[in-house]
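In the two assemblies presented below, chain A is common to both, partnered first by chain B and then by chain C.
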Partner chain A sequence: MRDLTDLRREILRDVLKCSYCAMCEWVCPTLDVGNGNRIYGPRGRINLIVSYFREGSENGVLKESIYTCLICMACTQQCPAGINIAEDIRKFRTFLTQ
Partner chain B sequence: MSMYNYVAYPNKIIEIIRFNILNRGIPIHASKWTLFGWTDGIDVPREGEWLLFTGFMYQLTPYIEVLVDKLSRIKNGFLLTLGSMVNKVFDISRFISTPPRERIMEVHDVLRNIYRLLVASGYRVWYDEAIDTYPGTLLYEFGLDAELKYYGERLYHRLKSRGVDRIITVDPHTTYILKKVYPSIVPNYDVKVLSYLELIDPSTLCRVESELVYAIHDPCYYARGIGLYQGTREALASVGVRVVEPRFSGTNTYCCGGPIESLSPTFSAEIGRRRLDMLLRTGADKIIVMCPICMANLRRASSSDNIIDISQLLKRANTI
Partner chain C sequence: MSDILKDLVKILGNDKVAVDPLTIKLYSKNAVYYEGNALAVVFPETTDDVRRVVKYAYQNNLKIYPQGSASEIVGSTTPRKDGIVMNFMRMRKVKEVSYVDSYVVVEPGVRLIELNNILSRNGYMFPIDPASVKSATVGGAVNSGSGGMMGAKYGTMKDWVLGLEVVLPDEEATVLKLGGKTTKNREGYDLVRLIVGSEGTLALVTEAILRITLAPERVVTVTGFFRELEDLMRCVVEIKKSKLDVLIMEFVDDVTAKITIDTIKPKIAGEGHLLITSVSTVDEAASRVKDKLVDLYAGSGATNVVAAESMGEAEALGIFEIRRNLYPATIKMASLSLRDDEEKPYIFVEDISVPPSRLIEAVKRLREISEKYDFPMTLGGHVGDGNLHPVVWIREGDKDKMEQFNNFVLDIMRMAIELGGVISSEHGVGKVKKDGLVLSFKARNSIKALSIMRQIKRIFDPKNILNPDKMLPSV
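Take a look at the complex of A and B:
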């Protein structure tokens, strides 16, 4: 099993490629249901992951955001930066079950 | 509904499911008849070339439907805390989830049908209750990668101890995990995995005589996961089924919401409602799905009996 530090580095390396262009958002079913609140969309989730790793903050919003993701991969195929968004969110769940 | 309360008790639910998968080999209880009863009355060989691996996804769906309905009514976290403690001794899902018998029989019919389609297409299919098992999908979706690796290695050992090197799957989630996930985490993983939809031979099917129009809903893990969407349309076209495409289809398909049904039943249901609306806006009479989770979540949103599994449609086209 990979060390959590390695996993953190691996996820961060990928999500930091995000330029917040929002190309991922128009296909996201959960952003739609979350009334446009960005914590329910891929860009918001990536932002929260970065904040968690940098500031170590964990709160109800983080879990709400990460656990409403369907891991449906719709966002991943839209990302012009090639970020594996769905997989990063899925792997990040490891940190919420520790 | 106030903001930020779609996911109430994720860790408690995840713990119950994690415990059940690792210790009981299945996320929620299902009777033996539910899991294996689809072979009753048909003579499925115990040896052959292609192992039919159901992964129990179809069989578990009727139980999940009942459980999700109950979970959506739980407003007290204490009940889940208590439940996760008691679950270590007694499987609590055994007591709270009893689906209607006809729903289980429908699932058996789907599996029996798939088997017959494969036989008609010329595949030497075999099945063994001792090998078929839950593939670990929820461990994957919950990000429990250490447990997933352990579970996958155990599953692979079970397959190899029977000399399995070719598997036919029946649902997209099992297909994806066996075909895409385990090869990347289980050492020396060497099994050829194909969905039955990649194997059925359209020339063995008869035409469907129907004026109905069907909207097609692609499951994410087929369309985006393994690139399977064109073949299903070709199979349907070859038997004369009139298919219409909804907004968001093929690799751009829109998730049914099912994957988060246990963590957030309300949110999941709302996504299902929106997808159903997109599918009905095509003007179609019926909706074709090819995943038991999609079927459950879209049916939860639907007020009529208009959602069918693709194999139920091809059943009428099958001559054996």
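Take a look at the complex of A and C:
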């Protein structure tokens, strides 16, 4: 099992670069299925991870958001901040499981 | 659940109202720094949904904060706890496309990139291309009065909106159809253009009729580096005199070009200030136009000149890479300077314009201001129309730097005014630039314009329920 503190730091360092520009959203397949609700898109997921780590914010919406991601990586290529969006979501799932 | 929220669910149905705090938080931020709060987020799907919510809001003094992608960078979407966010991303239909009459009828939640993907199949385009084209929605772009790289030729949103359907924040939630489908229209005061750039403070846009145009048959692009700004500007003047049909004219200053080259290692590198020029032409003339542009660059002292005869070739050669990476390079630069992994950088993009003939002076003075406040700044802009975008970053929670930032912005705005320019070109006023509005109108001895604007706001929005506290400075 990986050290959770390291994993947390690794994810947080990356997701904190998010500037909320929304350029990742237009390619996300789950955002459309989720009727455009931001929680089903990459920007929402990345920022829910931020809220979880920094403020401990957690409810059903967080899990719904994180576990509906297809890890298809379409969003990652769009991000001008170079955030590994899909990879961070995958790592965050590992974090939650552990 | 409070009575208000129960009522909203009754009006719209469960599926169109979100009250969960994490969801609300995601709808209370913008693409820079501002974070607000709200009672709920509503997702109208039709004009009638909008109308029914507005009617209820009017009766109950509930504020409405309209929003598309929330990619604005001036605080024009930031909501407060006294109201609800109205997000338009479920109104996403392209209702009509007329190539014969050159217009489209679209709902506000359509992203500009989605619109252009449809139009490009028939060789057409909607020419307003903000760097945020992948996120910007029609409603957001209309209300921000957005512009983009092709501004030198095509202007900004105000030049491309023919008509609007709006819901007024009045007792009846009146629906108005303003403008129409024709380019010529002289039916009284131009209320369409009053709504364009009104930052969601006057009316809710539920449909837009936008002018479209043929995409250029061929675009020739040339880039090169200039040691002195004077040489770059000489090149700009020569190109303007040469009767070429300039589409894009972008500039990145030498310091920024170096930072960007060092951080992102683009395909094209060189030393000095970077100028990119794209010219619209036809297939047969491409080679001739390219040679002419290259000559003009070389004649003005450019080095490392790279030329492309088509947009595809320009992309393959990486001609736009440095200019497009201004913002990412700043994010990278910021990330490298952060002290620990838990810190967050905020990126601020300024947006003044000066008459293009005053650009050299503007760049010099911007550098002095940046040094005065010790803000490492990247700088690029649209030389064609004199719009400059200095970009700086601040560490989250750095209160001293934030306060300095406000003075830094004030100095930049004062400089723009002194050079005969404006304090906001395409990003808007929002919460950040209200002081700038006062400065600008005072400088022109026209402060009464602001009271006229306040009266206009009252006529449209008698109870001040629509996006309050934005754009207009309080008395």
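The criterion applied here is as follows: the second predicted complex is superposed on the first by the 96 of 98 C-alpha atoms of A that agree within 3 Å, B and C clash if a C-alpha of one lies under 4 Å from a C-alpha of the other, contacts with A are read in each partner's own complex, and residues count from 1 in each chain.
Rule of thumb we're sticking to: contacts are C-beta pairs under 8 Å (C-beta built on N, C-alpha and C of every residue); 3 or more make two chains touch, one makes a residue touch a chain.
Please read these numbers as outputs of a predicted model, since none were measured by experiment.
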For A:S51 in the superposed arrangement: first (chain B), second (chain C), both or neither? second
Considering only touches as defined above, state whether A:M23 meets chain B (first), chain C (second), both or neither. second
Chain B versus chain C as contact partner of A:V33, first or second or both or neither: first
A:V61 in the overlay: touching chain B, chain C, both, or neither? Say first, second, both or neither. both
According to the stated criteria, A:L4 is in contact with first (chain B), second (chain C), both, or neither; which is it? neither
Return first, second, both or neither, reflecting whether A:I71 touches chain B, chain C, both chains, or no partner chain. first
Once the shared chain is lined up, is A:P80 touching chain B (first), chain C (second), both, or neither of them? second
Between chain B (first) and chain C (second), which, if any, makes contact with A:R90: first, second, both or neither? first
Would you please give the residues of chain A that touch chain B in one complex and also touch chain C in the other complex? 37, 39, 61
Give the list of chain A residues in touch with chain B in this complex. 1-2, 27, 29-30, 32-34, 37, 39, 60-61, 63-64, 67-74, 76-77, 90-94, 96-97
Footprint of chain A on chain C - complex, ascending: 15, 18, 20-23, 25-27, 29-32, 43, 69-71, 87, 89-90, 92, 109, 111, 113-114, 132, 134-135, 325, 327-328, 331-332, 335, 341-347
Under the definition above, what is the set of chain B residues touching chain A in their complex? 3-7, 10-11, 14, 140-146, 149, 220, 224-225, 248, 251-255, 257, 259-260, 263-264, 267, 270-271, 274-275
Applying the document's contact rule, which stretches of chain A touch chain C when the two form their complex? 9, 12-13, 16-17, 19-23, 25-26, 35-39, 43-44, 47-48, 51, 54, 57, 59, 61-62, 78, 80-82
